[in-house]
């Protein structure tokens, strides 16, 4: 018995009766659906669902729900996960020298806005160690050069594993992580890119935006994949700029965007509102 | 048998098993849920639901679905309506002299963007008759003075009834409709107010906004109720203004907002995405 | 003597005393500056200025102002133009089958929102002829095939010249105009591209945006140059989209953006608020 | 001689030759205008101007510029101020328990984004003392009750005077400051109100917005005047909300708005871009 809630995420091909079977299962065992949303991609036939139900009065213990749901999942060939609201995801942070995204996440965490744990902060610089100490979070410093990159990534991987990290947040980590790192890490990696993707991929997007003379700049939070800046987009936002804005102004205005967009993406992810399929996301907000 | 879809709207107090029973009913008779959304107001305990299901293969004829669903509705003391996508709502338009909202609705209708019928346009002026004729829509002119207002409203009511109007859109109708009119009309009335409600209720909101020196102006589409500008809000949007903008500039910028906000509100309403409870709306978009 | 205003646009390299000399000239001959704005690009050293002054009481006749200002222009090696508010720019419209941008421009023109003349509408289709007739604007139909393109462009050029067009607006003209056309036309050409440039250049940007899974789509008004979709940007705007939006929804939402962004760009251009330098614009709004 | 810039702010009634005289003065003594903007309110005849000029090569020492400009000011009956970019305004902060605006300002200050000094933080609570200590800023705690309010305000006033504060920022100070305080303080006071004024004046605006069912909420930075929430508006911004958002969600989303809107208002004020006239502002950005 518990007063927390369960979040059931389902991905499969569309079939008649999916919603009825899932909601019937929850009702049968005394659960109350608090929130439910689903989406069918008519082109691909993909069905994606997120259902939140109250565990108070639910007759199956938390640890057995997945087993109990198994037969239904089998019928429809579902991929599914069950999360519980009393369990905070463990987030590892990767950061370089710019601290605005890091400090923002720490502040939100501190005031209870994000239901997460931050077991470790990893950086290739020491500039943010001060903030880690301030918030009593273990800080690990792994400098990197082109020669040591492979070795450095192995060390970073080991630290994240040691801390049983379930999500890596690249809070302006100015290194490109390798395909091997992404394969080995075994959990999603969220990156904040300082442009309105797919405009201005790659390095120095604010300089690119300035040179092109755009009237709006943006920021994009996406899952990191082996194709740089090509991963599924979680959240984007934009701000107006004009001819008076220098590159420095774009960087300044962009910082505020990066902070907000990354914070929203983390919130969406840790509330299990983001489902990936193909190179896209469904965001149930 | 039909290849259209059914839209089932439900309002009741929250209970365990609501989603399971509704989706079970649809599944039992061979329907496929295409889209479903619901909301529970934790404070009031109100439960609101919108479910869209495919009628292809559904074993109950359209005209008997309401009866068949009756027993379930009774158990949970539901208010419910069923709409069918092959049936276009009949919209009556009320307009005065400004034609921008009217012309925009007519254009969207013409290019097939809104699945509606417009059986009649009613105005207290003749300036928009040209547009009505152009689009081959019956136009009725009922001038109004403080002395003739009661009589005029009776005539307008009679026209809308004669044309079996299911929604009245006040597309910048510069008259305040009476409480009696709203009681008698027997269908929802959508109004576009040219401010970001509840700021600047009443007359000349752009002048009020100019005098107050706000940096952003807005427009609000809401259901008309007897309390002027107090009805449930369907949609709002805003645009930036600055010290260089005169009242005329505010009016010009505001026109673009009014057009967009009213168009979105009509779309949301005719797709049965708006449920009213208390003085609020739930918008399932 | 006149109660209209003059708009003086200046481009040159930055020098001390530029503002003093220009404002001194206007003051010396009895003009009153109503509005003035300038910008210096610190990187390139470019100076751009727009000054509006009242012609009431100005001691130089309109037709001699340019001559009188010549000596000052020479000192600073200025490029300059003088426009008068009582003179409406002549705009030629190029359009294909989609009529939303065209109808919007015609409506704004009709209600006096744009101080322009529209002497001719040119199309490679006949679908918009109805609208041209309605608004009593000459319509010319020049169909185009890959084989006849060169000939068709010569005919279009001849028509625009015949009507002494000072700006060409491509209001969703689905043809790529040739470099020769742009050289020959002898006036600016404004295009509306249905994406947030530089994202999604080229064909079918809404389909590209849908495939990429972006959370925001945009529209861009820019001057047409020989490099497709690479011309100086005048105005951009964006709207949120989500996983429920199909390509058709993106197209629908995008239409509203295209209309607004193009209308704003035309207004900015005809009020002589846009100065081009390099591949960028300065917009004095 | 200096490599800083001067910012000249002028307010007077509109006259011919104002721009020429001001720019002529600067040019005459060897200054180079870097940026200049002005505005004439056609209704009231008010003229407001902001001119930035380079002091390198300017022949009048900083401390004598005001005197030298005096005769021109006298001719046109100008109010004027001269500020210098090498002189950072001294800002006193008033805060209660919510720390998000305070921490944001401190962070921007720390990374050099705001050219200000913060000599003191004053609070009626001790919760933010930790942050003041962290950033090595003197912290003064003056608790307040209805009985001690008069005395408390005198103490706060004394502290701000002692630190020669030139701007007071109420960074979510949950007390209403008295008319006497505003008269005595002798410098502008900026407040952040957590609604889109003039909607939801007074207490608990997020609760008011929730009860009204608005689809957009806002935040407003304004100068504090004796009429509560009626002072001249400097900056506003908004964010979308929906039926799923609880009051707590509105508060959370609103926090991000408050932070951004207050930060922008402070930046605009300390760069001397805001001129007040009547109950409005001109913002030269």
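Side notes on the structure shown:
All chains are identified by letter, namely A, B, C and D, in their written order; residue positions are counted from 1 within each chain.
Note that a residue touches a chain if its C-beta (ideal position, glycine included) is under 8 Å from a C-beta of that chain, and two chains touch if they have at least 3 such contacts.
The model shown is predicted, which means the values in this text are computed figures rather than measured ones.
Comparing the residue numbers each copy contributes, chain A and chain C share more than half of them at their mutual interface. Chain centre most remote from that of chain D: B (centre = mean of CA atoms). Between the CA-based centres of chain B and chain C the separation comes to 37 Å, rounded to the whole angstrom. The geometric centre of chain A is 42 Å away from that of chain C, both derived from CA atoms. Within chain B, the positions touching two or more other chains are listed as 244. Here chain C touches chain B in the complex through residues 99-100, 103, 107, 111, 113, 134, 244, 252, 256, 260, 263, 285, going by the rule given at the top.
The touching residues of chain B, counted against chain A in their complex, run 16-21, 23-24, 26-28, 30-38, 40.
Contact residues of chain B toward chain D in the complex are 39, 41-42, 196-200, 212-216, 218, 232-238, 242-244, 246, 278-283.
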